[in-house]
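Each of the next two complexes has chain A plus one more chain, namely chain B in the first and chain C in the second.
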Partner chain A sequence: MNHVEIHRDECKGCAVCVAACPHGCLVIGDTLNLMGYQYVEFVGNDRCTACGLCFTVCPEPGALVVYGMKKV
Partner chain B sequence: MPDVQIQYSKSASMYQLFFRKENDQKTTHYCPGCGHGTAQKLIASVIDELAIQDRTVFLSPVGCSVFSYYYFDTGNIQCSHGRAPAVATGIRRTLSDAIIIAYQGDGDLAGIGMTEIVHAANRGENITVFFINNAIYGMTGGQMAPTTPIGVKTLTTPEGRSKSRDGNPIGMCELLASLQAPAYIERCSLSTPKQVLRTRLAIKKALDYQVRKKGFSFVEILSPCPTNWRMSPLDARAWIAGELEGDIFPLKCFRDVPQEIQPDSLSVIRPDIVTLLTKDSILKTSYDGPPRAPKYIKIAGFGGQGVLSAGELVAFSALEEGFNVSWLPSYGPEMRGGSANASVICSDEPIGSPVVDCPNVLIAMNNPSLELFENSVTNNGIIVLNSSLVERKPRRTDVKTYAIPATDIAKKAGLVSAANVVMITALAAITGFLHVSTVKHSIGNVLRKKLYTDKNLEIVENTLSYLREKEMM
Partner chain C sequence: MGGCTHFFGYPITPASEIAQQAAYWFPLAGRHFLQAESEVSVINMLYGASSAGARVMTASSGPGIALMGEGLSYMAGACLPAVVVDMQRSGPGLGNIWPEQSDYNMVVKGGGHGDYRTIVLAPYSAQEMFEMTMKSFEIADRYRMTVFILSDAYIGQMMEQVSIEGIPSESGKKDWAVYADAQSRSNLITSIYMNIEKQSEHNRKLQKTYEKASRELLEFEHVATEDAQVVFVAYGICARICLSAVRSLRRLGLKVGLFRPKTLWPLPEQEIKQFAAAKKTLVVVELSSGMLASDISLYANGATEVLHIGSFGGATPTVTSLVDRIIEHIGDRHA
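And then the complex of A and B:
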């Protein structure tokens, strides 16, 4: 299933991906990561289309990995 | 989930681990929501797509993105403030196939580096410049930049930028578009996902032009600085869309005219130029004798004593004897009377740095030079001092000292300025690391006034007589 893998300790909680996602698949959670940021969580389940916008706008190189059904 | 595949992940052009810090080696040093991270990811993904990673040279600027070389797994050079286009020009002259990316902020490019960017653009260098415009000096804490809009409060404009006091913000795209040479100039923005995707297209086009040798490409990227703007990452993006993208920095393509780059006529080795540059000397290009110990030589004295020329004399002689050589002068603004020194390295191996901190040969032409450099000489090093002017003996007992009355010998022959030739002759004769015959031959190459060549050669002979008399050789 399409989904976004979140490396919680690489996320700085800027929420730019949250605003970018067209289907509301991402939210900022309540818990803190090792850097002390409230990191993003994936709540998309069946809504994610693996469009990659979250990855593209995210400033961190490896915080997000987008998995999709379609072939690259 | 058998058929699920990775669609988007960390670019292969970025290192898997960033070794800048001991911990957190997977994250950048950028603040939350910083535009640099997004812009650099876009660049890295385009490097992947164009398959140019192994020939890309990424030029980091001075500013927040100074540490880009920790992130890009490409060639990297960290440039002096604003000088990336000049460095890019140098690389272009020497590596015709390199893909050269100058990545610069607005303080770096539009502030201190205004000269370099304008001239590189005007020459139409086949390079790509990514100009990250966040309208403020980020790394230094939020001072007004050349690109700060009117009315915006910064550390140095506490009441807002004033047109009458500070001038209008500078549009770099508009400025460079007034030149004829550039092939591609576009302004983009990281304000919204749509604009981010357009920015990626511009980055790809710019690099593609360079790959196809179509000339100078320049992409300005309006980028958020939430920390110094004192906004949330999302508010900062909204501010770009609402305030910057309008009249001040309109998003558009300013130039798209691919150029035909002519090969540089000087990049081909021409025999006539080689002859012109080397006709007075027969430079050996190789040496196949037994290995020789490298010499790290410091020659010091006051300006006018021929300190730098003495260094040149050693350097030219060593070149003739097949050494690799570096010559690095250091002097004040005075042509006469100040202090000067030259660092010369002669080595069978390639020389990485021309700096000589711990010489194994010190040539001290006067008192202050001995004071300054005596303690830096290595164990078992050599000090040759000009005993006409140096009043004391070296305090070091672990070095060999040779006292030569160089100024007296030179004066006696009627050419007081040739004390340097005396010293170098003595160095060659005593240590044997250069042949005196080579030094004599090189005098003709180093001397500006050919009139005195014979007099200098006479002084070489007088020096040898003195050394024989004192049984120093």
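And then the complex of A and C:
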């Protein structure tokens, strides 16, 4: 299944990816990470198309990785 | 509370929240907020508004402060007051958004060109972030200098209780500023003196101000240093970590203390000299390759051992690692 993996301690919770996702797959969570930021969480297990927009707009390279899975 | 009337900001992690809050609260309080198109623009807005007598402020991080370098020098040359917050992040270059203390050289030594100084205050808690910023406007006006609040991404992201106390201050009309009225018509804000003697005289005047400020503004904190044989020297988040280490080491019966400079310019030279004369080992803990340690070594002047514990990239030393290091060091000395 397509999904996005977030490195929670590298995310600063800017929410640009949340705005960029066309399917509402990302939300800012309620938990603080190691550095005191509310990091983004992936909630789009059923609708992620692995378009990669979230990865493209993320200002902190590496905080977010997109996995596109081919159906077999 | 400090009487700030104008905030010119540009976002950069980890200082963006300051601009964000200023954008919300300043208009509500009848003050002014403006987001500039870059940090170069920010510092020039500070220059302009300060010239007109306003109490001005901005907040940025390493890369942004670097862009402000020229403007900071111009403001120093023109004797303009301002408050600039630097929430230090990892560098060099884009680095990352985690804490470091590697802007020390840039901020404490005057990161722009020319022979100038800025006052540098170093908070280590949310309470000090508030208190130091609040009093910095009056200090800036008093000496007509830029006051830096040098903090880091850790202190910046901390959530702690803050006691909001004190009497809000306002600046009166400044006799040197330009107000677009007849009285201030003859005032001139400038940093250029083509005449060699005039420029030389101007520089001497600046140096006198710096001398006065360095005598009057010194602030620091001693924690258990009187009988200590080893003294940590640290500011910001490192001071918090060292404080915990001191407590742990004291519980083990070891005589360790912490010396915390609250002003990095002026840096407490006499205190360091006294530690050196008493042969106390100084352990400088900072998130850099040794910028503060360099100055401490200079003041110690070879009279005592100065050790440096540094880290980069957002990593901070653990209390355990500091405790172990000190135990090891004291053990080596007795061996």
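As a working rule, the second predicted complex is superposed on the first by the 69 of 72 C-alpha atoms of A that agree within 3 Å, B and C clash if a C-alpha of one lies under 4 Å from a C-alpha of the other, contacts with A are read in each partner's own complex, and residues count from 1 in each chain.
As a convention for this text, a residue touches a chain if its C-beta (ideal position, glycine included) is under 8 Å from a C-beta of that chain, and two chains touch if they have at least 3 such contacts.
Note that the structure is a prediction, hence the values are computed from the model and not measured.
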>> On the A-aligned overlay, A:Met1 touches which partner chain: chain B = first, chain C = second, or both, or neither?
In response: first
> Where does A:Gly52 make contact in the superposed view: on chain B (first), on chain C (second), on both, or on neither?
Replying inline: first
> Which of the two partners, first being chain B and second being chain C, lies in contact with A:Lys12: first, second, both, or neither?
Replying inline: both
> Just chain B (first), just chain C (second), both, or neither: which does A:Met35 touch?
Replying inline: both
> Of the two partner chains, chain B (first) and chain C (second), which one does A:Ala20 touch, if any: first, second, both, or neither?
Replying inline: first
> When both complexes are superposed, which of chain B and chain C contacts more residues belonging to chain A?
Replying inline: B
>> Tell me the contact category for A:Glu60 with respect to chain B and chain C: first, second, both or neither.
In response: both
> Where does A:Gly68 make contact in the superposed view: on chain B (first), on chain C (second), on both, or on neither?
Replying inline: first
>> Counting contacts the way the document defines them, which residues of chain A are shared by the two interfaces, the one with chain B and the one with chain C?
In response: 12, 14, 35, 37, 60
>> Under the stated contact criterion, what part of chain A meets chain B in this complex?
In response: 1-3, 7, 9-10, 12-16, 19-20, 34-35, 37, 50, 52-53, 55-72
> If you look only at chain C, which of its residues touch chain A in the complex?
Replying inline: 13-14, 96-98, 153-154, 157-159, 314
>> Per the contact definition, I'd like the list of chain A residues that touch chain C in the complex.
In response: 12, 14, 35-37, 60
>> Could you list, by residue number, the parts of chain B that touch chain A in their complex?
In response: 1, 3-11, 14, 24, 26-28, 30-38, 40-42, 44, 71, 190, 193, 196-197, 200, 226, 232-234, 237
